[in-house]
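Letters are used for the chains, namely A, B, C, D and E, taken in the order the chains are written, and counting of residues starts over at 1 for each.
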Amino acid sequence: MAGELPVMAALLLVAVAGTAVVLARDPVRQSAVLAGLGLSLAVLFAVLQAPDVALSELAVGTAFTPLMVLLSVRKVRHNARRSERREEHE
Amino acid sequence: MNGWLAAACALLLAGFLPALLGVCTGPLRRRVLAQNLATVLAALVMLLLAQGYQRPSYTDMALVLAVLGPVGTLVYERLLSDELRAARPRPRVTRAMTVLGVAPVPLVVIPVCAAATWGRTTLKLLFIGGLLVAGSTLCTRALTSPPGGEG
Amino acid sequence: MSVLPYLVAGWLFLVGCYGLTTSRNLIHAVGSLAVCQSATYVLLLSIGYRRGGTAPVHSDIAPGSRPLVDPVVQALTLTDVVVGATVTALLLALVVQVSKRHGTVDPDELRELRG
Amino acid sequence: MTAAHALPLLVAGPLLGAALLVATGRWLPRYVAEVFGTVLAAATAALALVLLTVTAHRPTPVEWAGGWRPRQGAGVGIVLVGDGLGLGFAALVSVLVAAVLVYSWRFFDDPPAHQAGAFPALILVFQAAMCGFTLTGDLFNAFVFFELMGVVAYALTGYRVEEARAVQGALTFGFLNSLGGYATLLGIGLLYAHTGALGLAPLGAALDAAPHSAGMLVKAAFVLVATGFLVKAAAFPFHFWLPDAHTVAPTPVCMLLSGVMVQLGVYGTARLYFTVFAGPGGLPGTAVRRTLLVLGVLTALAGALLCWLQRHIKRLLAFSTVAHTGLFLVGLASLTPEGVTGTALYVLGHAGVKAALFGCAGVLVDRFGSVDEQELHGRGGELRRVGVLFTVGGLALAGLPPFGTGLGKALSEEAAGGWATVVFVLVSAATGGAVLRVAGGVFLGLGAPPAEADVPARPARERPPDATEPGGPGPGGAGVARTDGTDADGARGTGAAETAGAAGTGSAAGPAGAAGAGSAVGPASGAGPASAAGDGDAETTGADEPTETQGRVTRAPDTMLAATGALLAGGLAVGCVPGLWAAVSRAADSFTDHTGYLATVLFARAEPLPHSPVPQWTATGVLLGLLSAALGAGAACVALRTVPSGVRPRWSRPLRRLHSGHLGDYVACALAGVTLLAALVW
Amino acid sequence: MSLRVRMWVLAVGGLGVALLLAGAFTHMPDFGGTWHPYGTRAVAEALRQHSANAVASVNFDQRAFDTMGEQAVFFGSVLGTVVVLRQAGDEHRTAPEPAFVSAPVRRYALLVLPVTVLTGLYVIAHGHLSPGGGFQGGVVAATALHLLYIAIDYRALQRVRSLTLFTLADAAGEAGYLLAGLAALVAGAAFLENVLPLGTFNTLSSAGTVPVLNAAVGVEVAAGVVVLLAQFLDQAIVIEPADGRGHRADGAARAAPEGGRP
C-alpha cells in the first residue's frame, strides 16, 4: 500500500490539473495550466514506470504545445481586433 | 518504499502541488512564474525517483525537462511580454521566487550525487543541476524585470 | 483504492467533455479535448502497471533481475501521445482559419451551418 | 511473393507515393503530380482487385507484419487479413480514389506554395488509411488508421481555407471524430485489461475461453469501441458532424467521405462484433440486433426527413448518406450472412451512385457557383448530360432495379423482414425523391420558381456565358430563352408574386441574364447569405458557394463528366453482374463466421464453410424497388406541383434545430448517444 | 439548443457514461496485478531480438506496423497543417520586425541551443537502449531550433530554417521508414521484418532494424515539427490580409438573429 503512495499522489495531481485546464476559460491561462497538466502527467508516467512515455509527454507538453497555442492565440486576437475595427469602420 | 521515494512524495505534495495550484489560479504573471517553479520541482522529483527506483536511466527525463523547461517559460515571455510586464512586481516577490526556484536544486542534487556511484552519472547529475539553476534564475529574472528595462 | 487510477481516467474524460460542451472559445475547446485524451493515457498505463515492477528497459538493469511492467501499453500510449499532439496542431490550425474568416472563435457565434 | 505478402503494399504503396509527392512538391509541375497520384491510386486498385480474384477460391490470405507469427495461438505482432469483404472494401476504396483523382483533375486553383502535389498526396494518405483500416486484424492498429483517416479528412474538408463555412465544418468534424476515437481507445483499454490481447482474433478467443465473466466490462468495452466507429458512420445521434462537413468539403472529398469513409464505420462495427463479440464470451445476439435496429431506424428516418427538407444540394446529399447509413445498420441488424451480403452490395452500389451525385453537384458549383436548389431553379437546362446523370442517380438512390442499390435494398429488406421493409421503401423513396425533386427543378425547370424572399441575394459571381457547352438548346433551351420569363412564370400557375420581378427572372434566366441579375440585386447584396435565416428558422442555403475550380475553365471539364458517368455505371454494374453477387455472398459467409476467423488467423486453419445460396433478384425485390422509385418520383412531382418551394413543416423544427452547428450541442448529443447505446446493449 | 437544454442533455449523457465506466471498472483486474500475458511475451521477444528497451522493440519491431501508421498520422497532419495554414489568395507577407530581447536571455539561449540539439540527438540515438526514441528526441531537437525565435527574432530563425530542406527531410524520414519495411519484403521476408543482424545486446548497434526505423522516425519528427511550427509562426507573424476583405461573413452573419435559440 505504502509503495503506491507516489502513484496516488501523482494521480491526485493529474486529476486536479485536468479539472483546472477545463475551468481555465481564458486560452492563455489555460495553456499555462495545460503545461502544468503535462508536467503532472509526466510525473505520473514516471511513477508508473513508463519513462519513454514520460519523455514524449515532456517533449510535447513543455514547449511545443504552449508555443502552438500561444501563436494561435496571437493570431486569433489579431483577427478579432481587425474584425472589430472593421465593424467600427462600417 | 525507501527514503528517496518518500522524499519524492514529500516534494510532490509539498512543493509541486502548491506550484500547480499557483499555475491554476491568479493573474497570468503569477501563473507563468509558478509554472517555471513547477518545472524545476518536477525535474527534481524525477531525479529523486531515479534514485529511489535505482534506475539511473530515469535521469534522462530530468535532463530533457531541465533543457526544455526554460524554453517553455521563455515562450510566454516572448509572446506575451506586454501582458507580463503590465505591472512591476514587488522586489520581495522577485527575491522569493528566485530563492524558491534555486534553493531546492542543490538540496536534491547533492545528496543524489553522493548516493550515486561516482562516474558519468555524477557528471550528468551535476550538469542537470547546473542547467536547472541557470534556467530557473534566468526565467525568474526575465519574467520579473521592470517594463522596458534591459533586464 | 485499486480502482482509483481508473476512476481518475473516467473523471478526466467526463471533465473534458464538460469543457467541450460549455466552451466559449475554440482554443479552450482544443485544450479540453486534450484533457479527454489524457484520460486514455492514464487508463492505458494504469492497466499495464505492476506493483513493484520497473520499466522494461534493460540499459541499466540485468534482464530478469526485477519484475517488469507491461511494455505494450507503453508503446500504445506513445502512439497515442503522438496522435494527440498532431490532432491538437491540426485543430489549432483550423481554429486560426475560423477566426480569420468568421472574426470570432466563440461557438455561440458560429451559426452558419444549420437546419 | 505470395498474395499474403502483398497485403501491406496496399497501405505502404500510397503512403510512399504521398511521401514522394511531398518531397518533390517544390519542383514538380502540377500535372505531373496529379498524373502520378492517379496512376499510383489506380495501380493500388489494380493490385487489390488482382489479390481479390487470385484469392477468391483459396484460403484467406493472412499476413503477420514483421513476420511475427503466433505460436500456439499467442503472438505479439499485428496481422493483416485479406478476407473477401476486407480486401473488397480496400479495392472499392482504391477504385473510388482513382476515380476521384480523375474527377478532380486540375480542380483547385491554389495549391500551397511549393506544394503542388499537396492534394493528391493527402488523398493518397487517405487511401492508405482506409485500406489499412479494412485490412487490419488488430484493434489498436484499427484505431491508428481510424485516426489517420480522421486527420487527413479534417484537412481535406478544410481545404478551401478562404471559405468561412469550410473551416468551421472541418473543425466540427475534427472535434467529434477525435472524441469518438478517444472513446474507442478507452474501450480498447478495457478489453486489453480483461483479455491481455489486442488482435481481433486473440480478443475473440480470450472472451470465448471465459464466457460469462465480467459481462459488464465486456458490454462497456463494446459500447465504447463501437461509439468511435458509429461516430465515423454518422449514426444518430452521432451524425451531426456529417452534414456540416459534407456541405462544405470540396466536392471530390465529399465523394470519398460519403462514398466509402462513412461506410467504413459500419464495416468497423460489423467486423468488431463478428470477430470479437459474436462468440459465447461476447454479447448476446438479441442485444446487438436490438441496438443496430433501433439506431438504424432512427438514423434512417431522421436522415430521410432532413434530406427531404434541404435546399442546399450537397447538404441534401449528405443527409441522404445519413439515411442510407441507417439502412445499412438495419440491414446488418439481422446478423446473418444474407444481411451482410445485402448490406455489402448496397454499400457497393451506393458508393458509385452517391459519388456520382456529388460529382453532378460539383459540376453545378463549377458552372453556377451555387448549389442552392431554389436559386438554380430552371438554370440547369443547358447541362443536359449532367441532368440525365443526376436524374438517373436519383432513381438509383431510390432503389430502382437493376442498380446495385436496388439489389442491395432488396436483399437487405429480405434479411431484415417484417416492418423494416416499410422503412427501407419509405427512406429510399424519400432520399431518391429529394434528389429527383432537385433534378426536376434545376434541370427541367419544373414546378414553381422560388419567391423572391427565398432567392438569396448574391453578388455577381457568375461565370462568363458559356459558348461551348454542347448541351446547347434542347429541353433546357426553353429555360435559357426565357429571359423575359415573367409570363412564363405566371403560366406555371403559382403566380409566385409578380414582385418576384427582376431577381426571380434573372436567376431563372441562366447565364444570359447573369449581368442583369447581378445588377438587379445589387442594393441587397449587403444582406449576405444569412438573410434567409431572418425568420428565425435557420437553414443552410447553398447560394454564394465559392467556386472550387479554376477560373479559366469555360465548360464543365470532360474528366468530371467522365468520372461521374463511370461511377454511375459502376453502381449499375453492381446490380447486373451475378459473378459479383456470388463473390460477395461467399465473402459474407466467411465474414460472419466467428470461429472460422479465429481459426484462420490464429492457427492458419481453414475449414470449409457451407455456402449460402447465391443471392438473386426476386420478384418481390424488383417490385419493391420499382415501388420506392415510383414513390420517390411521385413525391418529387407532387412537391414540384403543389408545395410552394421553401416551405418546411413546422413540426420538423425541433429536429432541424438540433442541427445547430454548435460544437457544445454536438458533444452533449454524442455523450447522450453513448448512454443510449449502452441502454440498448444492456 | 438553448444552454439549459444542452446542459440537461450533457447531464444525462455524462451520467450514463459515468455509470457505464464505473460498471466496467468494478470488473477490471486489480491495479498493479501481475497478469500481463502480452507484456510478458513482448519482453521475452525483445530480449530474443537483442533489444535492451522492450518498449522500443514493441514500437519498432513487434508492432512496427502501428508505428508506420503513427508516422503517417504525423506526416499527414503536418501536410494538413501546411495546407490549412497556407497563404490564401487574399493575403500577403510582411517582413517580420526585429525584436528586442534582453541580453541575458539571448546569451542563455545561444548557450543552451547546442546543448538542446545534442540532448535531442542523444535521446534519438539511444532510443533502442534507454528511455527515449525518435519521436521524443526529434521534438526536443526541433524545439531547440526555435530558441532562435524566442531569444533573437524571427528573422534569425528564418535564416537557418530552409523549409525546402526540412520538408524534404520530413518526406525522406517517412519514405525511409516505408523503404526499410519494403526492403525486407524484397529480401524475401515479411513487410517490416527485422532482417538485419541483431548485434550485441545493449550496444548502439544492436536490435537489427530497430535503430534504423528509430532514426527514420527521428528525422521525420524533427523536420516535421519545424515545418509545422513554421506554419503557425508564419500565420502569427508574417501573413497579413492584403486588403479589407479578411473574412467573408462580415457583419451580416453576426447581425442575423440567433435563430437556433428560442
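Following the convention adopted for this analysis, a residue touches a chain if its C-beta (ideal position, glycine included) is under 8 Å from a C-beta of that chain, and two chains touch if they have at least 3 such contacts.
In this text the structure is predicted, and so the values were computed from the model without any measurement.
Taking C-E and C-D together, the chain pair joined by more C-beta contacts is C-E. In this assembly, the C-alpha centroid of chain B lies 52 Å from the C-alpha centroid of chain D. Averaging C-alpha coordinates per chain places the centre of chain A 11 Å away from that of chain C.
Separating the CA-averaged centres of chain B and chain C is a span of 25 Å. Rounded to whole angstrom units, the spacing between the C-alpha centres of chain A and chain E is 16. Multi-chain contact residues, meaning those touching two or more other chains, occur in chain B at positions 53, 55, 57-58, 60-61, 64, 68, 71, 75. Multi-chain contact residues of chain A (touching two or more other chains): 3-4, 23-24, 49-52, 54-56, 58-60, 63-64, 67-68, 71-72, 74-75, 79, 82-83, 86. Of all residues in chain D, those touching 2 or more other chains are 140, 144, 147, 151, 154-155, 158, 161-164, 167, 170, 186, 190, 192-193, 198, 529-530, 533, 537-538, 657, 660-662, 664, 667-668, 671, listed in ascending order.
Here the chains touching each other pair up as A-B, A-C, A-E, B-C, B-E, C-D, C-E, D-E. Only residues 1-7, 10, 13-14, 17-18, 21-22, 46-51, 55-60, 63, 67-76, 78-79, 81-83, 86-87, 89-90, 92-94, 96-97, 100-104, 109, 111-112, 114 of chain C touch chain E when the two sit together in their complex. Listing the residues of chain E that touch chain A in their complex gives 32, 53, 55-56, 123, 131-133, 135-137, 139-140, 142-143, 146, 225, 228-229, 232-233, 235-236, 241, 244, 246-247, 250-251.
Listing the residues of chain D that touch chain C in their complex gives 140, 144, 147, 150-151, 154-155, 158, 161-165, 167-172, 174-175, 178-179, 181-182, 185-186, 189-190, 192-193, 198, 243-244, 247-248, 309-310, 529-530, 533, 537-540, 656-657, 659-664, 667-668, 671. Taken together, the chain E residues at the contact with chain B in this complex read 99, 101-105, 108-109, 112, 115-116, 119, 123, 130-132, 136, 140, 143-144, 146-147, 149-151.
The residues of chain A lying in touch with chain C in their complex are 1, 3-4, 7-8, 11, 14-15, 18-19, 21-27, 30-31, 34, 37, 41, 44-45, 48-53, 56-57, 60, 64-65, 68-69, 72-73, 75-76, 79-80, 82-83, 86.
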